[in-house]
Structures are given as structure tokens and as C-alpha cells.
């Protein structure tokens, strides 16, 4: 098996309407790239259920996935932290093995 | 960097038609929320390939993502375990770092 | 809580057009199944932004998720490694707990 | 009748189905986007509901209506018993036999629509109220299928799963099902507004109807062929019964239609409804209420075998039967 | 006027809205695929823009045009002040009051379209340039709403968030908003091509228009009812003001329309525009510029209460008012 | 010819393209949902295939048909050689030169459709069989492009990747490609059913055609402009050749069309086909068979430069050339 190294996998759950701000922060943090997946539906005790079939798009959420080194992950976490409270974003950071880790 | 704590990231791969039952279980377990992502296609040695382009929707799968404390994750796992066998759901539990972990 | 064991969660970010090759490799590696999620948009410092709303589908990406034992994960990693460079795929391997791990 | 058979095979609707089927056979990457296919099926249900209702508003309630409705509901309740018995005889387990029986007791909207269109092209005009009959036939079979699976399947999942659902149980599922709501809702709207107010919306719902049906059948061909060839669960016996069911059920439907006094066209359509098997509403209900059943088998039968059989052979066949009996 | 009220309640457009609403009330699983709904709203905006432009190409610029545009822009800028004051009086915090005020100052494209169609059916023909007026009314309210939230909300987020966006700030957002571009762009295309070149595209944009509107309103009914019942943030007071706002704003709109010299039909439509509240463009802008506001509240009010009220009561009411004043 | 140029620039089809292009230039957030765009392209291919087939059913096979087919296939095979040579001269590496050459040898369905519509509006009616010619021109260029890349690119990936695919290699990919299946399949259906059976589906496939084309070109404008401005790989030299290619290839197409005896309209259309470059079928094939090539470059050229050039300048230009030679 090729050599692997440990990197961070960041997952940010954010309002689709606010993605431009998240992307901007990722770009500023020096992370090499990101990928966005649409959330189809969701729910929480705080605000009830929603579904992407609601054509207003007002509740639509997306998940932004970014692979990054520990330092860049930390930089992004610091920057995005205020939005976690004010906008109800969720951020998780997990450890993953990657091949050719020098890219991140 | 803001303080982070370790929480569980649960991922449940389930039939889209059966999501109401999964959601009910999540709600009962006291987990604060969940997000659903559609699976576009898949395959297994057991049952061959499928794609969401099949308009009957009979094979459609979704992934439910829920962030939770270890205890709530355990409660959900116990409750959902029977369905893993009878309905062929897949459940994975991973460790992730989160900011403001008191929410989960 | 039911017994859990540790397994690998592989995530491969690949061009949607090239998925048949990825699927072939997964099948060859003996992994029991896989699920595909569409990426809606993304960006990188290398090649700029793209969105799935571009009807040509030329930049479209997908994420392939596969749960597997450590050995099968290793087999797939070895096989897919050349494509990580030539095609710009991303592969991450994370540890997750699963119930009924004998299936993978 | 011969003219109907010919019309069937050279109708654009059937040819597009064949095109889709062949495309899947040669493993083309052609596919119709999921949400577009759903949009077309919503369109088709609204259009036939609406037109049926407008027709009732014009012609008033016919003496045949109540007989047709009773015959339809009866068929949907009872067909599953026969289908279940045959399946048990070819050694299907009770859970799957119950699930498949529910599919065959219920109906296929697209088979109905295709039959009505093809019959009309050959001068056999069925009545608007048959849309209502179809809507009534969608769900009774689900109840019979579940009862049989539960009674003989030694499982009480059917019971628990259905009743533990949020929103409350099987009755709710059966009555608020999307296709029942769309068909009966659009039917009611058509009945209220009548022909004058239908006029301005007719370019969408009448003008485009046959064209949209062609495109939808292209997709049906793709999906039917993929179901047929990619499912690993289909045995020769199951293929045989999936051809036998529509022939027998269709003949019974035509006969009962004639018996209760329906005219030739309506009897033929009742035959088509009895012969057809559900592949949208019932599979979804079965996943919820009978999750141990394997959806691969029932769909490969209803969509991969029975649907193509009805489109190509069944539709002209039931017209011929109705002509003979009528 | 009575005829308008009757026409409203038996129009297929309104009945499909009611059908969708009821389907959601009985918790049916019916849903319209997201991308199909977006496609329909794009279609509706192109169609009305295009037809408005073609009409201007035929009739030329009317003396009423400038008055109507000025009245519309004025209403969009000013309505938020009144709405904001009322909301503060029923103890909404300043941030949410500002956000809601922006919704009510702006307009609902579908309410406009439905009104124009229903008025036309009862012989009340408004002018094509009213589409342009609607497009101009979409965004000024966003500016007022943000100013109010920022001035009284003790937060400068509104400011920073908007100006820190890539592509440059609020002005850009307001001018390049998808619906503004579509409406004014299609309007310009219609104006350039004129009636002769419109002819070959009219089967799509005129022929299907009312039918598509029916299907879209079915979806509006579903979404409105779900917003109304699933939002936990709606209080009785907020429901009351969400009914009061369209009545008062609509009356003001009709009055100002009559004052600046619009004819009866155009005054009624200006009333509808003033009475209606945005549920697509403004919520998106508010998420970006005023993220502390709760989109659940404003949408439940505009979509769950005000929209149904306008469709069923408001549209005939403003026609009656315009008839009385005109 | 002048009338054609004028018609082009004030045609709603072209104006909607310009609108989309401008919307992207001002960075509007307007976008057409992905599945809706795919649905429109499926619709357009079925519609032109069907109408072409119906026309053949009426007129029978013309003496020009075989010449046109041979000319088309020849052009698709040979154009890539010239394009490849030019690209190598402006120092593109062999892999990318091969990929781009395949794009230019193949065709753009929408450019074809737009040309046929615009020509028809100015009285220049091409024949239905040209749809078949287009379908035949879609894929030969893929083979030439791959051969060139493999021969001069020092890589054998092209070979392995294609042949190691499930379903079996390049030939399969080339023949079962979704657009080839749709175009030729619908063509065959049209030929079988003929004009009488086409009648009931014509409201969808003829009535709506030009309107749908407008909406699709709106999306093409958005995507073309975004490709042009967001790709970082486009150099001034590449923009220049992406304008030079359609002029030269188009002129050759018109000349060969005239030489093999096609009438003026068909020659002009053959010129448009030669001038146009693929942006759906070929990019997908290249990702599979030549993954080292950068899709950003080829798409920015074919969609961002050549497509707009052909829509605005090329279409009237080739009509003028054909008129001069014919």
C-alpha cells in the first residue's frame, strides 16, 4: 500500500444561502479546495423539520467538505467559530488517512 | 483556536422510503438534530446496482447524518440495531472534534 | 449497546464521468458495496470553481463511500493510488465503529 | 381489433417504449433525470384526473358509474387472494407473496393512460369516470396483501410498522397517498370547473398529453429493461406467472365489466386495470409496511414483465375480449 | 366585483392552490420535485416578462407608465417603515421586524400573475408595463428593511455581511438578483422582438401559461400549509398582522394607483403588488445580509398567511376597491 | 443574407442567449436547474429526430441523402487532423490537442437546431435528413482525436482506459452514446409513424419547440460566459484559433456540401455542422478515454468561444457562403 499521512476532514453544515461566506473563509485560510453536497432534508428539536422540496429555498442547507492539514484546519476553525453561534452552522473535524498528503 | 470536544458522528444508510422510522428513532433518542443526504446510486455484491434515475424510487437510499454525544449515540445504536439486520441499514459511528459541544 | 468493531470508511472524490472505473476497482477489491453521492459544486486553487448547474457535466464530481475491512481498504487504496495523481481523485480513509462488522 | 393491434405496434407511444427498452438492452448510458420523470408522472395524473372530472361535469353521472366503482374496488380487494395462492404454489414465501399480490391487485396509471389513448385512436372511447375507478383501485389491494402476509407470514411486522408510523397507520397511508390525492383531487377540480374553465388550461393538459406520454414511456422502457436484466432474483417460474397474471386478471376484469353492464370500451379498460400491476404507490407502501419483502422481485415482475406485456399484447387483447363479450 | 369573487373561487388556479393546501393539511406525502418547481417559476417569470415587453412594443409607452413606476418604487421603499412600526408595537425585535418589513415592501410574483389572470377572466385587463413595475418593486424594500434593522437593531452585521460579499455588496445583490434579471431581461427581449417574432414562441409562453400556473399553485398550497403548520415561531398576533398588512397596504396601493391616474385594472394590480409579500428573493437576501433574523417567522407570515389571504380574499377585494375609487 | 444576419440578431432565440451571457457577465446568481437543463436537451433531441424522420416518411429518400451522409462522416473524421496540426503549431501538448480536435470534428446539437430555425425564418428550408447527418457526425471525430493523442502523446492510456471499460470499449461508447441513441431512435420512430400519427404529438414537439430552444439558449449563455471567464487555462492564442476553426471548417463544410450536390440550405447547414464543436458528448467521452486531457481548455474553447461565435456570426455567414457558391 502507498504511504499515507493523517490529515483533517472538515465538514461544515451551513445554510445554502450563506455558502459564499463559507467559501470565502476557506479560500482565505489557504485550504487547497472544497466540495459541496446538498442536504435534502433535516430536522432539529429547536426549529422542526424542513425539506429541500420547499421551493423558497429559505431553509436549504449544504455540507461543505474540505480536506486540510492540521494548521489550516485550525485557521479555518478559528475564523468560522463566530458563525457557528450566530448562524447555527455546525463544524466537525475528523482525522483521516490520505495518500499524497503533501497536496493539503 | 476555540476549544473543541469530541463527539460522535453517526451515519445511517437507509432506504429513503423508511426514513420516517429512522427519524422517529433519532427523535426518541434525544439527539438534537439530523441532516439527510440523498444517495445517487450504489451497488453491492448481494443485490447488484441501482440508480436514483429509476423513477419508481423503490431502491432509493439516503444517508442520515447526526452529531451526538457518546451516550445519545449509544442509545440510538441500541434502538436501531434490529433494523440493521432486518432492513439492511448500515450504521457507522466516527469520532469528530466539534466547537461548542454542549449543543449535542 | 450491541457490540461494535472498527472498520474503514473510504471516501473517494472522483469525476462523475470516471465513476465506472472506480466502481470496477471497488468490485475487484472484494469490498461488499458502495454508495455514491453527487457533489453540487466545488472549488480549488488549482482550477477555480465549478457547479453542477453546468449542463455539460464535464466538471461534475461525485463522492463514493465504501465501508470495508482494513485489508480490503488497503487493497483498494493500492489499486486506486495511480488515479489519485493522474486524474486528481481524492481518497480519504477514516476509522468508524460498526455493528455487525462481519459483513464488511 | 386487428386494427387495434396494428395501431398499438405503430403508435408513437409504444415505439418510444420499445426505443427505451432497446437502449437499455444495448447498455446505452441514456437516462431521464429523476425529477423530470417525477414531474411527468405528476403531470399525467393531474391531466387524466382533470379531464375525467370535466367529462363528468358535462355528461353527468352515468348509471354505469356505481357498478364500475364497485367492480373496481372488488377486483382490487380480491385479485390479491388469487395471486397469493398461485405464488405460494410456485413456492414463494408468504411475505413476498403478500407483497407481490398487493402489486397485482393495484393498478398501473401509465398502462391505463396508454390503453385509453390507444383505444381512442381506434374509435373505442371509454368514459371519464374510469379515472375515478382507477384511483379507487389503487389502494384496497395494499390492505389484502398485508393481511395475507401477516396471516401466513408468521410475522407481525406488517402490523407494527404501519401503525407505528408518524401520522398514524395504514389507513392514513392508503388514503393520503400522493397518487390518490392527485387523481381524485384533480378529478374534483375538473368536476367543479367544467368545460368552459378547462378551456384555457387545455393546451397544457390536453394538447401536450400524448407527447409527454411518449417521453415518459421512453423512460419506462429504460427502467423496465434495467429492472428485468439487472435483478438477480427473477426465476423462469416468476416470469411465467408475471405473464399469466395479466392474462387471467384482465380476462376476469373484462368479464366482470361486461356483467355489471359497462359498455365495450369501459369493460376493456376495466380489464386493463385488473391486468396491470402497480410499480410506484404499492412498492413504496410495502417498503414501509412490509420491509422484509424484497422489492427487487415484485418490481422486476410488475415493471419488467407485466408492464411490457400489457403495453404490447394486453391492451389489444382486452379490447378484443370486450368486443367478443360485449 | 361579485363576479370576480365567484370567478376567483371556482378558477382552476385557485382550486389547485386549495388542493395543495388540503393535501398538506391531511399530511399527504405529495411533493413537487424541487428542480421542477424552480423550473416552473423561471418559466412564469420569463413568460410574463416577455408578454409585457411584447405588449409595450405594440402599444408604445403610455402616459401612465412613469406614474406607475414611481408609485411602485415609492411603495416598495415606504411600506417597510409602516410594517416595521406595527411589528415593533406587537413586540417583535428590531432585527426580525426589519427582515419582515422587507418582505412586505417587496412583492410576490405569483400573486401578481394570479391576479392578472383572474382579472383578465372577468374583463379587467391590466397593462403589460405592470410587469416592469413589479420588477422595480422587488428590491427597494430590501434596502429600507436593512436600514431599519441596522439603525434600531444595535447590530452592524447588516452592513458588514452585505459589503463583505464577493461580487461587491448590497447594490450588486439588489440589481443582479435572478428574478430581477429574468423579469427585466425577458421584458427587454419582448420589447425588441415585438408581436410578429413572439408568435412562434407563444405556444409555450402564452398557450401553456395558465396550466403551468395551476401546477405551480398546487405546490404553493403544499408549501404554504407546511410553513403554516410546521413553524413553531408563529403567534396569534403575528397571524393577525399578516392579515392586516395586505388589507392596509393593498388599500393604500389601490388609492395611490387611482391618485396618480392609473386605470381601474392597473390600480387594482398595484394594490395586489403592495399587498403581496416576497417569499423567494427577499428571504435569500435576508439570509445573506441579516443572518440573525429568523427566516421561519417571516416566511410563515408571507407564505403561510398573507399569500393564501391574497389569493382567496385580497385579489377580488382590491378589484372592488379600484372599481369604487376609479 | 443581410436579412438573415438581421433576423439572427433580433431573433428571440439569439436574444435569450445574449441575456444569459450578460447575466453571467454581471455575476447574477441566475441559474437553470441542472435536471431541467438536461430535460430540455433530451426534449430538443427527440423533437428534431422525430421531425426529421416524419419528413423522410413524407418525402422519401432523396438523392442527396447518401452524399450528405458520406460528406458528414468524412468531415467528422478528417477535421480533427487539421485542428490537431494547428493546435500543435500553437504549442498545445499532443494529449490536449487530440482532445480538442475531437470536439471540433464532432458537432453541437444546439448550434444545428438554432441554424435550422433561423434559416427557416428567412425562407431557407433544409431537409429533415440533415438530422440524421448530424447524428452520424457526432462520434467519428472521437476516434480520430484518440488516435492522434495516442500516436503523438506518447501515452497508451487512451487505449487501455477505453477498452477496460465495463460494457466493452470505445466502439460501444461511440455507438450507444445517449445523444446518438436519442437522435437516431427518434428519427426511426418518426419515419415509422409518419405524418398522421405525428399529428397528436406535434403540440409538444413542434408547437413548443422554439420556446424551449429560447429557454435552453438562456442557459447556454450563462454556461458559456461562466466557462469563458472562470477558466484559467484560456490563452489569447487559443481564443484566436477557437474563432479561426469555425470559419475555416464551416467554409470547407459549405464547399463540400455544394460540391457533392446539396442544395443551398443543406450546404449551409453542413457548414454549420462542420463549424460547430461538441460540448456534451465528446467531453464525456474524453474524460473516460483520455483522462489526462484538461476538460477546462476544450470546453472553454468550444462552449465559451466557438458556440457564441457560431450563433451570432457563423450562422448568417455560412448561409451567405452557401448562397454565393450555390
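For clarity, chains are labelled A, B, C, D, E and F in written order, and residue numbers in each chain start from 1.
The rule we apply is simple: a residue touches a chain if its C-beta (ideal position, glycine included) is under 8 Å from a C-beta of that chain, and two chains touch if they have at least 3 such contacts.
All values reported here derive from a predicted model rather than from experimental measurement.
A.B. asks: Steps needed, at minimum, to get from chain B to chain F via touching chains?
C.D. replies: Step count on the best path from chain B to chain F: 2.
A.B. asks: Fewest touch steps from chain C to chain E?
C.D. replies: Shortest path length, in steps: 2.
A.B. asks: Over half of the interface residue numbers used by both chain A and chain B, so same, or under half, so different?
C.D. replies: Interface between chain A and chain B is built from largely different residues.
A.B. asks: Name the chain whose C-alpha centroid is farthest from the C-alpha centroid of chain E.
C.D. replies: C
A.B. asks: Would you mind pulling out the distance in Å between where the CA atoms of chain B average out and where those of chain E do?
C.D. replies: Computed value for the inter-centroid distance: 39 Å.
A.B. asks: In angstrom, rounded to a whole number, how far apart do the mean CA points of chain A and chain D lie?
C.D. replies: Centre-to-centre distance between chain A and chain D: 45 Å.
A.B. asks: Which whole number of Å gives the spacing of the CA centres of chain B and chain D?
C.D. replies: Measuring from centre to centre gives 34 Å for this pair.
A.B. asks: Please set out, as single numbers or ranges, the residues of chain B touching at least two other chains.
C.D. replies: Correct list: 23, 37-38, 94-95.
A.B. asks: Mind pulling the residue numbers of chain D that touch at least two other chains?
C.D. replies: Residues 31-36, 38, 203, 207-208.
A.B. asks: Check the chains against each other and report every pair that touches.
C.D. replies: Pairs satisfying the touch definition: A-B, A-C, A-E, B-C, B-D, C-F, D-E, D-F, E-F.
A.B. asks: Give every residue of chain A touching chain B within the complex, in rising order.
C.D. replies: By the definition above, chain A touches chain B via 11, 13, 37-46, 61, 63, 74, 77-78, 81, 84-85, 90-95.
A.B. asks: Note which residues of chain A are touching chain E in the complex, please.
C.D. replies: Result: residues 15, 17-18, 20-21, 23-24, 47-49, 51-59, 86-87 of chain A touch chain E.
A.B. asks: Name, in rising order, each residue of chain D that touches chain B in their complex.
C.D. replies: That would be residues 31-34, 37-38, 41, 157, 161, 164-166, 219, 223, 226-227, 230-232, 279-280, 283-284, 287-288, 291-292, 295-296, 299, 303 of chain D.
A.B. asks: In the complex, go through chain C and note every residue touching chain B.
C.D. replies: Within the complex, chain C contacts chain B at residues 1-2, 4, 7, 9, 23, 27, 32-38, 62, 65, 67, 94-100.
A.B. asks: Can you check the complex and tell me which residues of chain E touch chain D?
C.D. replies: By the definition above, chain E touches chain D via 10-12, 15-16, 19, 22-23, 26-36, 121, 203, 207-208, 210-212, 214-215, 218.
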